[in-house]
Each structure stands twice: as C-alpha cells, then as structure tokens.
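Below: a set of structures, written as structure tokens.
You will see two complexes here that share chain A, one where it goes with chain B and one where it goes with chain C.
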Partner chain A sequence: MNDQEKITSNQLMAIMLSTIIGIGILTLPRTVTEAAGPDGWMLVLAGGVVAIILSVVISRLGLMFPGKTVVEYSGDIITKPLGFIFSLGFFTYYVLFCAFEARVFAEVTKQFLLDRTPSEAIIITMLLGAAYLARQDIATVGRVGEMLVPVFILPSILFLLPGIPEMDLTNLLPFMRTSPGKLLTGFGTIVTSYLGFEALLLFQPFMARPRDAAKAMTVALSAIILIYVLAVVTAVAMFGVVEIQQLIWPTFSVYRVIEIPGAFIENIHGVVMALWVVAVYTTLAVFFFAAVTILGRILALKEYSFTALPLALLIYFLALVPNNVSQVYNYLDAFSLYLGIPFGFVLPAVLYIIARVRGMGKEGGNGREKQAKKSG
Partner chain B sequence: MGLLDRFRPKKQEKEPSKEEAKDKASSSLDKNLKYLKDKLKDCNDVVYREFRVGNRQQFRFALVYVDGLVDRNMLNEEVLKSLMLQTKHANLSPGIITGDVFSIALRSGLTTSEVKEEEYIDKSMIALLSGDSLVLVDGYKKVLVIGSKGWPSRGVQEPQTESVIRGPRDGFTETMRFNTALLRRRLRDPNLKIKQIKVGVRSKTDVALAYMENIVDKNVLKEVEKRLESINIDGVLESGYIESFIEDRKYSIFPQVQSTERPDRVAASLLEGRVAIITDNTPFVLLVPATLNILFQSSEDYYERWFIASFIRILRYASAFISLVLPAVYIAITSYHPGLIPTDLALYIAGTRTGVPFPAFIEAIIMELTLELLREAGIRLPGPIGQTIGIVGGLVIGQAAVQAGLVSPIMVIVVAITAIASFAVSSYSVGIAFRILRFFIIALSAVLGLYGLVMGLLLTLVHLCSLKSFGVPYLAPLVGNTYYELGDALVRAPQTVMYRRPKTLAGGNMIRMRVGGAKGTSGGGSGKDGDEGGGGEAKAGSVKAGDGNGKGKAGERKAGGGRDNGQKSGGQQEGGPGTGE
Partner chain C sequence: MKSKLKRAVSLVLAAGVMLSTAGCWDRIEINERIFVLGLAIDKFEPGKDVQAGEDGAEQQEEGSKQPEESPRNRLVVSIVFPNVGLLKGEGAIVSEDAKFAVSTVGPNIFEAVRQFNTRLNGNIFFGHVKAILLGEALVKDEELLMEVLDGLEREQEISRNVDVAVVKGKAKDALFIKPLVEPIVGTYIEKIFRQRKTGRFYPKNFGKVVTSIRETGGAVLPRLVVGEKEYNIAGGCLVKDRKFRAWLGELEVRAIQWLENMAGEDVISVNVNGVSVPFELTELKRRKEIWRDDAGDVNLHIILECEGNIEGYILAVDQDLMNEAFIQQVERAVEREMVAQCTGVMDKFQNEFQLDVWGIGNHIRKFRPEIWEDVKDNWQEAFTELSVDISACVKVRRVGVIK
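Let's turn to the complex of A and B:
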C-alpha cells in the first residue's frame, strides 16, 4: 500500500466535508442553544475558527515530516513508547467514534425510518458497508467523497427553501446577551461537532501536494461552519429557543415541518433521512478507514485491509454497549471530553509545540533523514 | 480483488511454450515438402503443387497453400502462370538462373504484391495456416511466403448492436484487414499506428493495437502491450477472451473495457488518445481505457446537434438509474414507508395489492425474473418466433397475471418501465451490470427499506469509485481534477467548447482544435473548396486545422498548413493526400 495513488486537495476537501458532517449536526441546534441561547450560532462560528486554526497547525506538523503519518512521526517527536501509546489512543478514539456513529445512526433510523427493525441489523449492515470502503485505498475514499458531497449537501439545503415562511428570525434575538462565562463553557461541547478534521494527521502524506492541505482544510471547514450556522439558525428560527431544547434531533424536526408544495413526495423528511444515511456512511467509513490505517501502521503491516472485518465486529459490540438513547449521549459527552478534545485539539497542538521546541522537521532535516533511513 | 487470487495455485511457468523450436528450411525441396507433409499429416485442406520452371524446365518449385484460405485465382494467374509460362519464354542464360533462381523468382518471376522471404520453415508454416501460400524452390534455403489471403468473408455491413439514426452505416467485420482499413480510411495520419502481434498458443490469432502515436498516453500503451504479451492462452476466438485477460478487476460486475462494432467510434476514441485492440475473427474491437462515462456515450452523440445529444445523454443516465432503483423504491415505499407518498396514492397502491398473495418483494422478483427469461428467450430464438415469445410473454405477464390476481398492476408497470429503461443504456454490458445489481438492491431494500436502498447505492458507488481502467479512474471525469471534461460527460457540449482532448485519456497534444481558426480563413476556405473532399472532409479539416499548437509535431498532416500559411485552407491540406472520392 505504499505506492498508493495520491489524493488531490479537492478530494481532501470532499473527505473532510463528508467526514465532519455526521451525527453531530442532528443535535447541534439543541446543544448550542442549551449553552448559549439565541447566540448559539456564534458559538458554532467560534468553534469552527478554532478547528481551522488547529487544522493549519496539523498541516504544518505534517509538512515537517513529509511522507509520514502521525503514527510514525509521533514516535519521532515524543520518543517511541510514548508515540506508541499516542497512536494506540488515537486508534481507540477512532474505534469508539465509529461505535458512537453507528449506534446513534441506528437510534435515529429506528425513530424515523425503520421502527420495527432491530438496531443490531441496522448497525451491522452499516458497519459492513463502511468496512467495504475501509478496505479500499485512500484514492477511492477521496473519489467517494467527491461524488457524495454534492449529493447530500445540495438537496438538504434546497429543501430548506420552502420552510422559509415558517421561520421567524426574531427567535434569534436578543443578540449578544449571553454571558462570556456561559459562552466559554458551551465552547467545550461545540468544538466536538468539528471532530473529524484531525484525520488530516493521517491523510496529509497521501496528498499529491501536501502543501495545499491547509488551504483545503480552511475552505472545507468554512463550508462546514456555514452549513452548521445554517442548521442552527433555521432550527432556532423555526422552533424558538425554548421549544428546541425539548427536541432530541432538532435538525430533523425542521424537515418534518417543511412541506414542499406540489411535490409528489409527501414527507421530505424521508428523503432527507436517506441523504443523512449518506452523510453518516461517509463519516463512519472514513473513521473506519482511519482506524484501519492506524492499526496497519502501528503493526507495520504491508497489506492491512484484512483488519477491516474483525474491526467491524469489535465496533459492533462496542456500539451495543449503551442501553438507550440518553445513555448513548451521556457516553458520547464523556467521549468528547476525554478523547475527542485531547485527540482533536490538544495533542496535535502539543505535538507541534514539542516538535518546534526540539527543532525537528525540515529545518533540521531530521524528519527527512530518518525517513530516508527507514525506507533505505 | 486479491482475495480470491490468494487461494489459487501459483502461476506455473509457461506450460504451453509460446514459440516452438525453430526449424530452418532445408535446401532440398523434398526435405522441406516432407517436413510440411509430416507436420500437416491428415490436413486434407492443404494443397501441394509441384512444378518446374525455366526454359528447360530445370528448376523444381512447389506451391503449398491451404484450400479455402487463399485467393486461388490470384495464385493461378500471378504465381503459377508467371513462373511457369513467362519464365519459359524469357531468354535467361542458365548461369544466371542457377546462380540465384530464388531472387530472380522473387524480383521478376512473381507478379504478386506481397512476398516475403522466410528462413524458418515452421514460421512459414504458420503463415501458410493463416492463409499465405508458400513457394519452395529446390536448392534454396529460404521459403517464399506469398500474401494470398482470400477467404469467404462477410462484407462490411451495418452493425447490429449499435445502430444509429444519423451516422455512418459501416461496421467492423470478422476480417481484421478490413477493420484496419476502415480505420485508416477515417484517419489518414501517419501517426495512426497499427501494431500487430499474435496471441494464443494454438490459435495464433492476429491482434492489432491501433493508436495515435502523438496523442496516446505512453504509459497506457505500455501497460496494454505488457498485458497483451502476458496472455498465455491456447485459443483466442473473440475479443472477449482478450478482454478478460487485460481488464483490471476480474471480479467486478462492470466492464472495464469497451467493445464496439463501429469504426467511427474507434476513430474518435483514437483521437482522444485511447488504444484500440483489434482482434481477428470478430467484429468487436476493444477500446481501453474505458470509463463509465464513455460506456454511456454513443457515437451518435457527436453527430447530432449538441442540445439534442445532451438531452439524450441525461436521459440515458436517468434510465440507468431508474433501471437500477425503481423496483427497489417501489418495494421500500410500499412495504416500509407508505407515509412518504401522497395518501391517495398510498391508498390506491394498497387497494391494488389487496388479494395479491405475495409480499411485494416476491412479487417483484417473480416479475423481474420472468422478464429476464423473456428477454433471453427472445434473443436466442430466430426473429419470428422471438416475436411470438414477446407477445405470449407480454399477454401472460401483463394481462393474465394481473387478472388472476397474482401480481398487482402497479408492479407490472414498474417492471415494464424498468425493462424499457434498462434497454436505453447504450452499452449492452453496462446495461446487464445494472440489471444484475438491481436484484441486489431489491433484496437490500426488501430487508431494510429506504435505508437498504441507500446502502445498496452507496456500495455500488464505492465499488465504482474503487475501479480503475488502465490507471484511469472509472468515474472520471466526475472525479479527479478534470472538471473541464465534464462538458463531455452528463451533457455533450458543442464541439467548439470541447477544444481540448480529455486529460484523463490523452498523453500529449492536448489541443484538439483551434476554435478561432475554424471560423476564420482556414475553416471558411475548407468549406468552399468542396471539390477536394466533400462535406465530411472539409469538416474534419476545419476541426483539426489548429492542431499543431501544443507539443506541435509538425509532421502531423492535419495540423499543418491550415494555420501556418494562413491562406491555404485546412480542407485542401486534408483532402490532398486522400483518394478523393
């Protein structure tokens, strides 16, 4: 898998768009409104900016060690054993993320589409489907992203248009009344909906021009900010700050209200649900792919696609651990706090700082030398 | 798909040897004849004709050919007659003749156009079996191989599988020479190369690679050659044999090589930088690389006006999609999500389904399978009976099954629309792929409703994304950084917009036409100089008149003058070297 085909920066953008938008967007309007009332959308904006800054940091980090993923260069930066622990943690993070993604997906699907189908069936089919993509190479992932992003984003936005009469923008007032302290506490929960961008730690070396990563990430994350803000604003405008906190998945509820005049389809939420299946699939599959990649690289395997199916089984059992929806979201909060924020935000920055302090990377020629030694 | 390969025994070293030990021809005529007669024992179609040449009948010759494979008139007139009669009257002194009877026969005795010398008798035997004739001369160590191929063959006819409303009516035939000629007639360019090799240890089938030297992607060409050379099979009876050896992924349902009967299509593909593989004994020429987009195109798209062509293309994609999902959508909605459609319709559908003893899934499977049966039966039967099958099938399925209450009328409509849609896909093999995938998606949506349907489509898409044909992504130009090629994907942009060759396919010489030039002097001139080439020629001239821009090989005849010495018309340049019909 070493002479893999590379991905273009457009494909990286597509991967990021499709990865980051997943289960998070469903609850986003509720969580930000709980934290910041009508000012929630500003929280979304701020969280996005932080994600952009960190993805730029990650891309800098990647440029210091060309041709290496985080699994290799974390060992260079913070010594082999610590690097190994870091990689293992990173792997656990992705596996758990997949499990949550699959479980939440199953719960939502049961609620809106298949009320009598057991969650197990939904989870296992989803995981098997994701495993199929995780077995392919990165270029395939890039192409899938490129094909799917317009498919699920454009219609979802278009379907909002007939809902405009239902919206009341005064629900977004009063403006800027939330206390800064409250904003700050809400900040911790909002950044987790941008998780997924840290996959750049793995994908950058597979880019045809790794230098373009920062730009592509900025564009992709900006688009995501727009989509998130749109989701929050429409949900708040439609339901108001109080009502929205009673809804588990307010983003879907928006589409339940909207009716397309004169359309053949009675309830577009079914169609939006189908589109959301696509969004979750891409998220899950990319995380799955990341987990497979990390595992393969930790074990230094030449061909690691065969690990996908055993991993699917592991994720399946992990996904079945929580007993009900509220437990799922409790676990998810803990996960975001103890694994999501560290691996998405803190550790990449720490790695970068340590690498700079130790004067590693291209300036010292350190990374390249080691790479040459390894390959030679 | 390495998975299944792993369970296979390692490829054994070439078991059937590709080249037999080479036997040189002997100087004795009798020995050579004996060799041939030994090897070709019990081959009663081989004819041996011994004769004597010279004014005193002193030289012994023998003519060997395979009856039926040769043009016998030609042999009689140009070989036997010239050698036996005309040399008799020639006043040749014996000295000269004994000195080099062979080269005299070669130079002035034989009045055929194609003569080769061959040192090895076994090689000449292969030539003999492919339709050439051998002239053996006593006392000489070489064999003359006379190109005398001429067997009963189908003439150039309209292709059955890819008929068009507008466009040329000639199609490839089983004779490779005709096929290369049909190509050469369309591309009178020295850059059109036709490389010939033999494939098949026993069949020794002629296979030709055709490509435009300065347009083709050299890596693709090299890869094609490599894969062709690695074929080690006993017989190649159709290009499908070759396809199965050179395709990237054996275990994919989608064809990764295009096959066509239309020379105009091949010519257009060569101009895009693709490689054509022409196989003897079949009218189907293979084109690589192939993308899904290309397989959805029809050559007629480029002959119709772009607006119409674009509409038809969109229709084609839509019909492929319909043929893939329609029954699955019906099943998913009726059995899982009746709330998604208007209540009236949902009630109506439920009403038609009352009394139907099967669940929608079984109903759909029964109908789809019956339809596939009908289709298959209709193809294999001769025309009139095939029609009968159609009528009987249509009546039985459409009318009787509904009246008997076995299936609902809506299901009949769904299945019928699906069938029609699946026939609208221009490539037969892609159409079949979608038809088979349909069953997979029907099954998924029968189990998991709309979610299963979406998963089925996603898996199909992932599979399509993972495919590559000779290094080109199968979904190009929808993926990758080749967005300008989208003009020739879902729609077909006007020719002047598509002035560049597809980057995914071509290897060089990217500018296809100079858009301004076509409107300026050269283009206009070519239209008026009609006596040279006629309309078609003039059009080709103006289209290609701007070529020499990019890597600009000046040797390209079409590129040349049109622009450089402004006044000369592209049409004249183009028409000049041709035959001028």
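Let's turn to the complex of A and C:
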C-alpha cells in the first residue's frame, strides 16, 4: 500500500459521511417509529453512540497492527484459515451491500423519478460509475468524498426550512414513554443504519496519521447522528407517528410536502432526489472500493483494479435477484441482521478482545508510541 | 503529437459515450404533456349520468354513447386540463377554450386514466393537480371511498398538498362549468382554498385528510356546491367509519375550526342593545387543559383567546364605540356567541357522531400520557363521556376609523 497515496483525517470524515448516509436514511424515520413511537429519535442517538464506541475499538485494533488492514491482521489474530474465512465473509458482506444499495436505488428512482427507465439501465449506469471510482486509489475516493459531501448535505437541510410551518413538534410527545423492552428490540434494527463505519478496518492503514482515526470517526459519526435525528424529527413532526408508519420512504415524502413559495420549481423533491443520487453513489463507490480492496488483498494481488468490472457484473446480477420491493426490504433486513451486525459490531469487538488477550496489544502499543515520536 | 491524437480520441470517445448513454426513457417534451389541474371522481350510477354540464357536453361521454351498467363500470373519473396552446398564444390552430374537461367510466381510477390515453393525444400528468373532488355518492360508498383514497395516496405524482372537497351531487359537473372569474377549474378551487378569509369551510389538504382518517377514524372535508357559473365552498362533509356520516353547516364547520386553533378571519355578528354588531375575528389561540377530578372522570377545558375588531355599529351622534364599557359589552356578547356555537358542535360530536375529530385523544396521549394509559383502549367511549367546558376570552382591539 506504500505506493498508494494517503488520506487525511478530513478525507476519512468525508468518506464516512458519504458512505454511511445512503439508502438507510430514506426508511429510517419509519423503522424507528415502528420500533419506538415518538421516542424513536433517542434510539437513533443511542445507535450512533454504539457505532462511535465500535469505531474507537476498530481504530485501536488498527493501531495494534500499523500498516496492515483487517485482511492481514485477522490472520495474525485468529490464525490464518479463520482469518481467511473472516476476510471472505467480509468481502461477501460488501458485495451484497453494494447489490442492495444498487437495487434500492433503482427502486426508489423508478418510483419517484424515472418510471419508464428500466431498472437494469439505472443499476448499470450506477455500477459503472461506482466501478470507475473503485478502480482508483484511496486518495481519490477521499477527495471525491470531500467534494460531494457538502453538495448533498447542505441543500437537503436548507430545503427543510420552508417546511417548518407544516411541522408539529408535539408529535414527538410523550417523551420517554416507550417500554424499555420495546426500545431494546428496536435498537437492533436501528444500529444497522450506521453500517459503513466498519470500513475503517480497511481504511485506517491508508491514513497519513492513523492515530487520528478515532477522533475523525467520532466527529463524522456525530454529524451523522445529527443528520439522522433531524431526518426522524422532521418526518415525525410532519406526519405524526401514525401516518409515518404508512410511508415506505418518509424522508422523501417530507420533501413531497414542502413547497417553496413563489419559486419557479414548486416541488423540490426532484432536486432532493438528485442530491440523494449523489449520496447513494458515494456509498456504493466506497463499498465497491472496499470489496475490490479486500479481494485484492485476499488474493495478494499487486495490482487489483482489474477486478472491479467483473465484480460489477456479479453485483448487477445479485441486485436483480429480489422479485419486488417488499422482497428487497425483507432481504435487506435479513442481511443487516445476519451479516451487518456480525461484521459491523460483533466481529471487530471479538477480534479486539482476542488480540488483547493474546497480548498483541503491547507490541501494537509500542509501535504506536514509536510512530507518535516519529511524527511528533 | 501523439498526446494530441490521444486527447482527440479520448474527447471523441467521451462525447460518444455521453451522447449514447444520456438517452433517457423518461424524456417527455413539456408540450406533449397534459397537465391535469382538477380530478373529479364519482361513483358510477347507471341511468343517472345522462345530464351533463352545459358547455362541452359533446366532448365528454365515453365515445358519445351512454355507458352501460356492468360490474366493470364502478367509477366516473373526470379530469380538467388547461389549453396550453392558447395560454402560450399560438393563435389560430388551437381551440378557443381555455380548458378541456373529459370524463370516462372505469373500474378504478387507474384504468379510467388509461381510457383517457385512448382519447387524448398527450401524456397525462398528475404532478400539478390542484384539486381533487369527490362526488357525494362516492363518499357514501364505503368500499369505493377507501379504494379511491388509497389509490390517490399511493400515486406518487399526486402531491399530498392537493386540496380535497366533497361535491354535493356529482363531482364531474364541477369540472364542466365555465367559472365566471377564473376559467381553469383546478386553480380556481385552489385559490378559494388559499384565501383564508372565512371559516365557513375547513380547508384540509389530501395528506391531512388521510392522516385524520387514520388517526381519529374520521375527517371533516369541505363541501362544494356547483352553481351555474361559480362554486360555493362552504360547510363540510363528515366522513366517519370509512364513509359519509353527515353534512355539516357552515357555522358548525367554523366552530370546529375554532376548537382546533385555526380559522379564517371571519365575522361574528352579535346583538348588542338591539343592534347587530359585526365583529371581525383576526386572531385565535386555543388552549386545552385536561385533568382528572376527584371522581376519576376526565375533564377537558378549552379556552379560546381571541382578538379582533368591531366592523360597524349604527350611525348616530350620541352613541360611540370609543367607550370601554360598550366595548366590553361587545366582547362578552361575542364570547357568549362563540361558546354557544362551540358547545353545540362539541355536543354533537360527542353524542351524535361519537367522533373525536379534533384529535383530543392525541393531545391526551402527548401531554397527559398517564391519563391516556387508562382511556386508550376505549377512547371512543371515553370521548363521549368526557366532561367538556368551553370558555372564550375576546379582546376588541380596533373599531375602525370613526368614533
């Protein structure tokens, strides 16, 4: 990886913001309200805190093995064969994630924007664009992230302002009346909306200063928590806890209601839709990049960008597997539960604990100090 | 040299890729679109469809023959769209009508719209629908009404902000008249809705109506009466238990809005010293207090805080309005009037309709969750047993420009 350029911690933040915000934010207000009624936004907050904790754990793990990605050090920690299985699973996870990202993108775009364009065409163009970025090195991905994050975040928030008169914040009441048991069961589904942060397992060694990863992750995830809470609060305030559960993509429906008074374009949902395309693109491209990187490293290839196009083909066919929108979301739920939670939350923590127990931390700790002196 | 060639080749390639991939399946030229501004949906009633709107009668019925009775014919769907050519000033070729209205019969809205595709030369687009009108017979049919509401909400082109009204009689007729002031029916209705100078109808957009039906089990929709060259939107149509329940009078609808904290700047006339005094209501704030008395019954106290102006009295020298005692007299009279109207409506909804149209249950759930725990399982019954006390506090601010 020495021939690759390094990324700054700002670029890591941008990558994380653009990666984690993707298809999940569209359904988030509905899923949290189904889980916890008016207290849903607190679940979002709690889920984000867990994601921050896990990303700090991952960054510690990365610091123990400077210069290595999870593909290499998982072999060191849990023996080579198990590490290989882990990496393969991790690879599958990203490939499937790409497929879901592409499919949901196609479903939503067809529903709201291009109802006569074939899904295949939507998916292919998106995948080709993502494959192009996935062939580049990490620094390019970082720069694209830096460029695109403000493009989709700032206008989306600004466009909410004309909708304020339509919102009734009392819809968030009563406060803290959901039973703890209900909150806990809902929690499992909410944390998966933060998936994407675990890409740090791969990206940390590419950082110019890997020590800064934890800080950058905390800042990025905090921003995402704010954006998610904003999405949930505006949607609940606009539709109320009953109606919101009927809307498949409440975050878009919010923009369907908002009208900019006197503006040439009365309905802004088309614009917001276009911004969201950017958000999905960055998510898809980063996951694609992660899949290509893992594959290259499993196969120990020197130059692995050529795997991007065949992978695009694989993702394309996977994306077309579900029959209908309901099946897409059923599969996505299963995917989040059986792959998302293990690879995002459980396995990194397990790896960290095993590494600590096996005493690998000390070596890493020394390395960290040496590095600190060098850079200091 | 070589790099120049390379650059040229890549430029050509890039242009080629862009040109070939930028083809868009969804491209529709704006003048190929039919911008539907008003959508009217009626229940198909065989034999009753003979009469039609005065103008444009020839261009409406499906193929000019009377649709026959068949299980497939369930709905009459009518649309109205502007003559874009005329508005653009393309003169001679286009027809002189400012708008076109067409109507067809079908088993559901969507199939009916496809019927239009066999008759109209454009791409029917619902993104700019300004008003949805539901016919009386449709609203009285439980199954059809819920079908229609679901279809309209599910369709992404139709905005949730679109205005809805129930037409007394046939909704179709509303689209075929030539209104006096504004030729295009959809915008005409929208403008009536937007002015907010009266409380005599309850403007609710489509999203609010379906939300209300889901949350409270019912909704009050504005009532529209079709005249010769104009409409009258006044009063309301109460939908409860998934279908029509009752027509509501204009004053009742106004009182419902007072109790919901929103009403247009309407005029309330009260009798003071034998003279009818018009009081213009400019501001209204509604507070709700809920508590449980010693017997355990739930009490609701609604306080209306109003502000407004006296608009007129009687031309005289000895009596002027710059008199605080007199102003207070007017204030008390308005208070009595408002409370009487509100109490009447509240009583009707508690006892006759048994419908919590204001979302009082929601209010209790939000602000008094401990009370809600006890009543939520049989809220409808608890609502009817609620002891409600309504009071008003009216302040006259101005009296016009003469004493």
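To be clear about the criterion, the second predicted complex is superposed on the first by the 359 of 376 C-alpha atoms of A that agree within 3 Å, B and C clash if a C-alpha of one lies under 4 Å from a C-alpha of the other, contacts with A are read in each partner's own complex, and residues count from 1 in each chain.
Convention: a contact is a pair of C-beta atoms (placed from the backbone, for glycine too) under 8 Å apart; a residue touches a chain by one contact, two chains touch by 3 or more.
Given the structure is predicted, the values throughout are model-derived calculations rather than measurements.
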Chain B versus chain C as contact partner of A:146, first or second or both or neither: first
Which superposed partner A:224 touches (first chain B, second chain C, both, neither): neither
First, second, both or neither for A:174, with chain B first and chain C second: second
First (chain B), second (chain C), both or neither touched by A:242: second
Partner chain(s) touched by A:199 [first = chain B, second = chain C, both, neither]: neither
First (chain B), second (chain C), both or neither touched by A:132: first
Dominant toucher of chain A (residue count), chain B or chain C: B
Which superposed partner A:253 touches (first chain B, second chain C, both, neither): second
Which superposed partner A:114 touches (first chain B, second chain C, both, neither): both
Touching partner for A:295 - first (chain B), second (chain C), both, neither: neither
Touching both chain B and chain C, residues of chain A: 113-114, 117, 121, 125, 267
Contact set on chain A toward chain B in their complex: 8, 10-11, 109, 113-114, 117, 121-122, 125-126, 129, 132-133, 136-137, 139-140, 142-144, 146-148, 264-267, 270-271, 273-274, 277-278, 281, 285, 303
Contacting residues of chain B [partner chain A, same complex]: 2, 336-337, 339-343, 447-455, 458-459, 461-463, 465-466, 473, 475, 478-481
Interface residues, chain A side, partner chain C - complex: 38, 111-118, 121, 125, 170-171, 173-174, 177, 239-240, 242-243, 246, 253, 256-257, 259, 267
Complex contact set, residues of chain C against chain A: 21, 24-26, 127, 156, 159-161, 207, 210-211, 214-215, 362, 365-367, 369, 372
